[in-house]
């Protein structure tokens, strides 16, 4: 049968994939997608814990509320982030993170 | 009206008015600004008249600054001294406001002028109401600031600029001493700043305060320090140099600040804290000596001045010297009484001189006037009344107060009495000279020839003030106005003192009449007096020789130690370290993320695997 | 492996499979085919033409004298012929396209449209006691408690097909069509979602089956004339419900790229929009997807506003739904009612297409953002106020 | 929930997740992510979180990823395709991922409570019904169905209304920010593109 650990492991691997993606990829849009993936991995752990931690026989909806807020904030973040990417592209004609190293020390 | 309400209204109204004018003055226009300023002054006057009937009280208005042992509250103290002073300040303030409406009619920056006036009113009432040294000091500085603003009102004139700077800097020297005095007291009394608490601490009454047991030299230092504040603000020698120059400001300002109120603040403060001064014999002698010296010294200089306002300025110095001397002779009440009468007649004289200047198209040299008695009769009459009061002609207010001081000097110290008596003679002489030269004879210039009487808005305050100049010495008046009148029994020598003072008046006036009647040029020519004993020049040399050298040395030290070792060296080190360390900041997102991930893994490893095992 | 398989409920799986196959392949797809036919005939009638009327059973091929017309109506076999033609035509893939996505796009249009029908209650329940089933079978594939949300979620995936089609075609007109389409769909999704919020508020329910059942018992939302529907609160709510219905319908037109909102594929500007480069079966899939979306949309509108499978005045006529005790014939009648309503709605779709002229693109966006969105929002507020002032029960 | 489905959806989620990172073409990445999210939504639903699962598809797959796709297509990025892979970063990323996974596996190995199965944790809807104050929810719980969305809404509006408002404000701020960011300077020089 499927245990809580199975879900957590899936979430952990998904997070790891996302992290690797952020490190490996240079396309800023893909990096953004990987960030979303990491956020979703965190959401999966929250939902899993919510289901396995029953409150009065029902899932713990406080955790799911947190997921709800995460999704909302992520949506807002994506909108603003993409607008920034578009502005960046207008300025640099590129979405490669290697092209935006102006702020180095 | 409770004392609390009165104090807050008197304090807040001018502040609000100043704030409003300075912030919105440009937007609402000159007329509104003027109305607000004059209105606030009038309201303050009404309130302070109402305050005359209020019983003694003190308290805290705003809890302002409470850090550790330092308790600097905005408080108030209402007693006979502050009530009387408040009346003088608001009354003369109101008159000057009204007078300024006429005098400053042509000015371009009236908003700023009236805003500054309101600000001055705020600061001055703050000093009067202060119940502790911190508040006193804050408003002391505010008075300095507003005085600076008002002296430099015509800042496009280089003299006005210089004069305002000079006043400010000279005051700062005195204030430095004042601060030392306050801090000494604060430290010696274990963190007390309130006058009442200090008095109690000093008296060693019910609770034997730490100040009571403080060594004598501490109290001497404190008293002399505090006196230095008064020296600066009340323009006593050797810091008197700023006051004559301050006459560059508009004449109403001179009347308000440099005759009646601000310069009197020093005396007021000394009387307020006379319990501290009384604790130190040395300080008292010093104060009396400085006062007497200033009185004589300034009178001598006044004898050879030609600018009508400067004559009055030196006369103010001399009279302030009287008051300080009285404080030093432990006759603070006599000093306050003189302050009170002097405020009226000196304000009258200054406003009168303003009217004269106005009449002569901004001509200030008395040798270019003459024959004004016919052209400007009201000004002439009121000016003469003021002069008479200042000279101390019997029956006028000046006579009573001056006589009190002379009496105190006579009882205490022989040579101070001599100096004071001689000063009285000189006062009589130079004031008569001024009146004779300016108002009699024939017109000595075009401007004086075309002189015309000032408008009613300027003469009305003159007339009102002349009533006070005549009558304020009588008990009927002074009691109602809560002035501090010494009611001591006149001891032996009372008639001698009176005789001497009358004789001084008569001799001085006679001498002046004999010398100056009908003259077109000054028959006397005493370079030393005319050039004010070369004090300014001496200061200039001192500054040049000593201060510049010192500054040069200090600058060198500073560039080695402060700039080099303290600032440049660490900066260079930080710069180098930063240059080395910033290689880490490659700007590559992937590198950062890798570090983040590696750190995360390490952190989890430490927390989950390593930590529980220990 | 046995453990894995043991956790599966075989009966449930079989019934679900049956429902899926029946609904999708035996109902929706034929309906799609015949709505194309209806569209052509309807257009012909409105334009005073004849339309396709000659495709019959091709008996002549077998040597008969005359083709056989079904029900005596010519042209009823036209969809079959069309389908055959689509399959048999050459499947041409231009050289400049991104092949993988070019092939993926049509499928991505078709699949979400069909997936959506999973939560549509197409009937009350079927008493299949004669097959040995203890409980009556609910006439819905997945009885989810988040029905409308599921519909929106899946429908929002439909945009991928169009966007990918336009982008992978690697040519100007399809790309413009795709951009238009996606922004149009995103814009109108807002009004669509907001339009059903009042409905959900009234029912306090996210289960489409329960919504339909409630309408059966207490009157449809746009026809509240029996049961609780006659209470003052419900009668007053009739106003916002009507507004919701209108907004929902209009937004549905935009979502399915139907006239007057068919800007993504408008011939006069973009040749054929996002499917310009497509031919043969891939084109057919777009076609099918579009009509399937239309049918599902109609189904949703019918379920939410028009009582779903409910027969008008059903409870009064004794044709209402009693949970667990509905006879088989009544169950079948409910299913028939549902599809009858859907067909009427589709005919309405077709009628509008040949009645209203096409919008300009800026007008379309303006309408969506400046009017529909605000009205829908205000409508939510209006509903809330009415529900607050006049309690429903 | 049959185990086979869990493995299926977990595999979809993870494999397409890898696809996001590996794919050269950003469009492929985006589509992989959509698939990954769909699998994730299925996992959510397997955990009885219907509302969150639907939301995952509705918001991420339906809106956010469409935006991504849109931007990728509008910017028409081709540069990334055909560029040489940087092996150093690739190895670094892989190392991180492996290390992290191993670490998670180790941590989970020590996590005894994590061995609970869904069967151990069956929902007790009757108990939940007796604790609920709202009638509609109570009725449904008593019927034996889990009114997921309603419970969610109840939690949000009953327990965290303030946070909900704050999130609303955040969205507004985000909207304004996007408008400001993407508005071109009308007065400035026209860009040549």
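Order of writing sets the chain letters: A, B, C and D. Residues in each chain are counted from 1.
Assume contacts are C-beta pairs under 8 Å (C-beta built on N, C-alpha and C of every residue); 3 or more make two chains touch, one makes a residue touch a chain.
Since the structure is predicted, the reported quantities are computational estimates derived from the model, not experimental observations.
Engineer: Hey, which pair has more contacts between C-betas, B-D or C-D?
Structural biologist: By number of C-beta pairs in contact, C-D is the larger.
Engineer: Express in whole angstrom the distance between the two chain centres, defined as the mean CA positions of chain B and chain D.
Structural biologist: Distance between chain centres: 74 Å.
Engineer: Between chain C and chain D, what is the separation of their C-alpha centroids in Å?
Structural biologist: That gives a centre separation of 28 Å.
Engineer: State, to the nearest whole Å, the distance from the C-alpha centre of chain A to the C-alpha centre of chain B.
Structural biologist: Spacing between the chain centres: roughly 70 Å.
Engineer: If you average the CA atoms of chain A and of chain C, how far apart do the two points sit, in angstrom?
Structural biologist: Roughly 34 Å, centre to centre.
Engineer: Multi-chain contacts only, two chains or more: what residues does chain A have there?
Structural biologist: 19, 22-24, 26
Engineer: Please output the residue numbers of chain D that touch at least 2 other chains, ranges allowed.
Structural biologist: 1, 3, 51, 55, 63, 74, 89, 92-93, 96, 100, 146
Engineer: For this structure, give each pair of chains that are touching.
Structural biologist: Result for touching pairs of chains: A-B, A-D, B-D, C-D.
Engineer: Tell me, which parts of chain D touch chain A in their complex?
Structural biologist: Spelled out, the residues of chain D in touch with chain A are 1, 3, 6, 10, 13-14, 17-18, 20-21, 26, 29-30, 33, 36-37, 40, 43-44, 47-49, 51-52, 55-56, 59-60, 63-64, 67-68, 71-72, 74-75, 77, 79-80, 86, 89-90, 92-94, 96-98, 100-101, 104-105, 108, 111, 113-119, 121, 123-128, 130-131, 141, 146, 151-152, 154-156, 159-160, 163, 167, 170-171, 173-175, 177-178, 181-182, 191, 193.
Engineer: Spell out the residues on chain B that touch chain A in their complex, using ranges where they run on.
Structural biologist: Those residues of chain B that touch chain A are 578, 581-590, 593-594, 597.
Engineer: Going by the contact rule at the top, pick out the chain B residues touching chain D in the complex.
Structural biologist: 590, 594, 597-598, 600-601, 604-605, 608-609
Engineer: State the interface residues of chain D toward chain B in the complex, per the touch definition above.
Structural biologist: 89, 92-93, 96, 99-100, 103, 106-107, 110
Engineer: Give every residue of chain A touching chain D within the complex, in rising order.
Structural biologist: Contact set of chain A toward chain D: 1-10, 12-27, 29-30, 32-34, 36-37, 40, 43-44, 47-48, 50-52, 54, 56-59, 61-62, 64-65, 67-69, 71-80, 82-87, 89-90, 94-96.
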